[in-house]
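In what comes next, subunit A is part of two complexes: it sits with subunit B in the first one and with subunit C in the second one.
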Partner chain A sequence: MVAGFIVAVVFVLPYLIMLLTSLKGRYDTLAVPPTYLPKAWYPQNYITMWTATQTPLLDNMIATLVISVGATMLMFVVCIPAAYYTARFRFPGRGVFMFLVIVTQMLQPTLLATGLFQQFRLLGLNDTWLAMILINAAFNLTFAIWIMHAFFASVPKEVNEAAELDGAGKWGILWWVNLRLVWPGIVTALIYTFVASANEFSASLVILTSATKQPLSVALSAFIGQYDTAWQYLFGVSIVAIVPSVILFVLIEKHLVGGLTAGSIK
Partner chain B sequence: MAANRRPWGQFLRAVPWLVPAAILIFGVVLFPAGYLLYNSTRNIGLSGLDVGPAGISNYKALLARPELPSVLLNTFIWVAGVVIVQLLISLWLAQLLNNQFPGRRWVRIAVLIPWAASVVMTTMVFVYGLDPYYGIMNRFLVDVHILSASVGFTQQPVPAFITAIAIGIFISVPFTTYVLLAGLAGVPPEVLEAATVDGAGRARTYFSVIMPCLRGAIVLSTLINVINTFNNLPVLKLITGSLPGYPDDTTTTLMFKILQGEHSIGVASALAAVNFIIVLVVVAIYLVAAKPMRAVES
Partner chain C sequence: MAAITIDRVTKIYPNGFEAVHELDLDVADGELMVLVGPSGCGKTTALRMVAGLEDASAGTLSIGGRIVNDVSPKDRDIAMVFQNYALYSHMTVAKNIGFALKLRRLPKSEINRKVAEAAEILGLTEWLDRKPAQLSGGQRQRVAMGRAIVREPSVFLMDEPLSNLDAKLRVRMRAEVARIQRRLGVTTLYVTHDQVEAMTMGDRVAVMRAGVLQQCDSPQVLYDHPSNVFVAGFMGSPAMNLFEARLGEGAVSAVVGTQRLALPESLLASRPGLRAYANRTVVLGVRPEELAVAGEEATTVPAAAALEGDVDLIEALGSELLVHFTTDARSVIGEDAMEPDAKDLSAGSLAGAGEGVARVKLRSKLVTGQRVRFLVDPAALRFFDPASGQAIVR
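Coming up: the complex of A and B.
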């Protein structure tokens, strides 16, 4: 239990420092020597940070949300039919398709950044949110298809056959019968894609060049090493981004591993 | 069964369900991968315009870079250091979290935080906290007498690299721990009981009973961690990016320096192609060792 407590402290401490610094005043954040607690508390940082002149944080937050929500919606539309069909039916080409999905898991936007940059330059999509929506949806597809595939496969055949006898079409069965039974898998895929898209860094770094279009991950990194870093604002916006991510991850804690490990741990 | 009689018809019926996902995989993953390999043989201007064929001159320019040997060595130390140490910590942590104790739920949530949090934001706290002047982590280390005075962790190549490895470990432990916990959940309780009945000690039980059951989880998490660590840009960029020269660069951070700092897209593509081949080797090992296709066939 003591070991457990120490582990918890080690993992929480960096984020506690983040929280305490976000509540410090401007000069307090750069005080030498530093103090553990703020000398004066500045909860108003959480209001003033959105209009701070040093950083277009509101724009960056909007960019993060647009990209993450867009990528999550696209992933949803694309993955549901694929995961459902591969789980329910055997057909020629199924193995090839699933093989492609597995290989995608091992390729990352960081590795392909130069290729992505050149491709979206040709398409005239560099420095657009659409490019990042496509990239995030594509690279999180593996996790989403795997986790949903596992859930669809667990729906008893009899349920589907009963619906067929009642005269429902394939899409009808998917919509009315299966989605009601597999929603935990879908929620897991949605949350995972959303959080992963919000945290994506490398591709956004090369694709999005305007300061106001950049998501938080890229925008915040640009302030590191500058003389005049407004730490209290950078950490304030970090807390605003991290708290919902952690809550969402706690909700899907049980299923997180399943989609990433693709059923090979048994 | 009707399944084997009309394979063509079955394939055609599957198409509308799979095409959107297939388009996304081909268009945004496989095409850029091929395009990157093609670009590595092209002469590309500063703005990204293709000026003509370059043969292998991009690769020659890459090999001629004096920092390349040390960058390859750094890459190896970075990946091996992070992956090995985080695995050892995670093996211990998973064992700890697999036991019942009051407050376990909260400890598991605490361990989840770095996984959910953005790597950039997590790294930023360490950059700030380890600052020699206003860094609170530095002050804490002095207050508990681990250090006699503040240290500029990120201002010299060697301490900065070690700091980056430590952060790399911190952010990968949560994922590995959760994979190992899933593996531990699959250890049959009757086997553990049998080992106790046979009089096996704790160490003996761990290495002869639990470890073999964890093999799959270890192989899989290690391969994914190798890929993730190899591709990790933000930690090294934030911690070591402002150091002059290339003392702490890996092939990934060097690729971004060439791409963004020098705008040599051809050379960056050549280096990306080398990285791509390294990753393909890891993927091949993954397909052979972890056999993910078993799940498809079942």
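Coming up: the complex of A and C.
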């Protein structure tokens, strides 16, 4: 229990420091030696950061939510049939398909940002949320397909056969039986995709050039100046940025444990 | 209700393995037919072909007079109980049982009524709101049966439904399954590897081995008149004792090891085919319960029909004793017999050390190491051809 407490403190401490720094005055953040508790408390930082004209934080917050939710939903629409079919059925090219899915794991948004910029420029989608929804859905698809593939494969084939004999068609077996049984996998993929989309920076920086369309991950960089960094606002925005992910996690975390070890063998 | 007709059905997998070879089987309307055999004999494959979960490579399958080879499983009007129950673990017992009715879009009141009826038959009424994880193995098995019953199908297919239960529960449940089947009168094809289940439950039993049907008959006929040495060794627990024997001149005697058993004229009259095996080697079979300890049990069997051996091991079952003994004869292992590679059953690799088992009354005074003399009624002896393994009858 003591060890667990120590580990918990190690993980929570950075966030605690962020929270305390966000309530400090400007000079207090750079004090030498550093202080953990603010000498004077500045809760008004949380109001100031919303009204700073160079960072329309409300728009950035909405952008983050729209992109994250949109990418997550699109990812599920694609990943569920792909994972279900590759787990349950044998077809020519199945191995090649799974290999290609894995290969995309090797590609990072940072490497592809320039190419993506050109691609979306041709499509007329640059500086749109749709472009980032497509990018985030695509890049998180691999992990989601592998997780869901493992979960679908773990459903005993007799359960599917029983559903078939009971009168369910292929989609009925997926909807009534499999999706309910693979719920931990769905939760895992959901949290992973949402958090990864909310935190995505490099592709967002390149694709989204308008300040009002950028997500919070990019908007944060506005607080880092050439000579100075407004740490109190930076940390304040960071605290606000993680709130949606924390809320999501709290709501569905009890289903997450089952999904953590799934797909551990690729 | 419907009859099942399996007409020269064959199943060959893409890798060339023939799981079922030209199976011919008729299951009458309302009959409980048991498919029994060792693991890998093709019985489950045959069942799955009837269900439509596997395609037949050749032959025709009919249910209720309708050829169903190309009919999808859900349109065959069948219900299946799987070995591991295959329950929907996210649904309650009531929803598990009513799932098929929900897919048929029956009114909710109708679904509830039918589920309640099935639960009543199976003793599940108080468990309807539980989920499978909260049930015992026997209860889960009954939920699986309930799921099948509620659909009122023409045919029940059961794939070793009792295998996952402990021994005591298995005994109770097999009686319950048989009782339910008789009450509903639904044609049932029941697969098991347990020959005791086969004997106690089936109206008829079909014994399979390596994809081939060996014999299909009522349990008692299978037991008393096995058609070949495999069936003889498979049915019955303990298995039939099988020894290498040599028939004498005119087949009036059988020499087992160095011991001579006299074969009366009445036996030769009922089995005239034995005369053709005079001065030849045969396989001689005798059931454990046909061996009476000389001097301990009242019998009219003449002393000339005696088999001697040394007691190896005595197993007390509570109601009787199983006496393991060795003779100077060579024993034959029924399940290994009839291998395609074996030249005949007396091949050294197939013969054991003359071991046998006898069922003896509890009050017997036999002890390990003792020389024992068993009297055996020659009419109870069975004879098999050593090359083909077939019973010598006519």
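Brief remarks on what is shown
Just so it is clear, the second predicted complex is superposed on the first by the 200 of 266 C-alpha atoms of A that agree within 3 Å, B and C clash if a C-alpha of one lies under 4 Å from a C-alpha of the other, contacts with A are read in each partner's own complex, and residues count from 1 in each chain.
The rule is short, and it goes like this: contacts are C-beta pairs under 8 Å (C-beta built on N, C-alpha and C of every residue); 3 or more make two chains touch, one makes a residue touch a chain.
No experiment lies behind these values; they were computed from the predicted model shown.
When the shared chain is aligned, subunit C comes close enough to touch A:180, but subunit B does not.
Legend: residue contacts after superposition of the two complexes on their common chain; A:15 is shown touching subunit B, with no touch to subunit C.
By the touch criterion defined above, A:138 reaches subunit B but does not reach subunit C. Touch criterion met: A:205 reaches subunit B, while subunit C stays clear of it. Contacts of A:99 after superposition: subunit B is touched, whereas subunit C is not reached.
Taking subunit B and subunit C in turn and counting the residues of subunit A each one touches, the greater count comes from B.
Note for the complex: subunit A touches subunit B at residues 1, 3-5, 7-9, 11-12, 14-15, 17-18, 21, 29-34, 36, 74, 77-79, 81-82, 84-86, 89-95, 97-108, 110-119, 121, 134-135, 137-139, 141, 145, 195, 198-199, 201-202, 205-206, 216-218, 220-221, 224-225, 231, 234-235, 238, 241-242, 245-246, 248-250, 253, 256-258, 260-266.
Within the complex formed with subunit A, the residues of subunit C that make contact are 51, 53, 73-74, 78-80, 82-84, 86-91, 99-100, 103-104, 147, 151. On subunit B, the positions that touch subunit A within their shared complex are 3, 7-8, 10-11, 13-14, 16-18, 20-22, 24-25, 27-36, 39, 44, 48, 93, 96-97, 101-104, 106-122, 124-129, 133-137, 139-140, 170, 174-175, 178-179, 181-183, 186, 216-217, 220-221, 224, 227-228, 231-234, 237-238, 241-242, 252, 255-256, 259-260, 265, 268-269, 272, 275-276, 279, 282-283, 286-287, 290-298. Within the complex, the subunit A residues that touch subunit C are 156, 158-159, 161-168, 172, 176-177, 180-181, 183.
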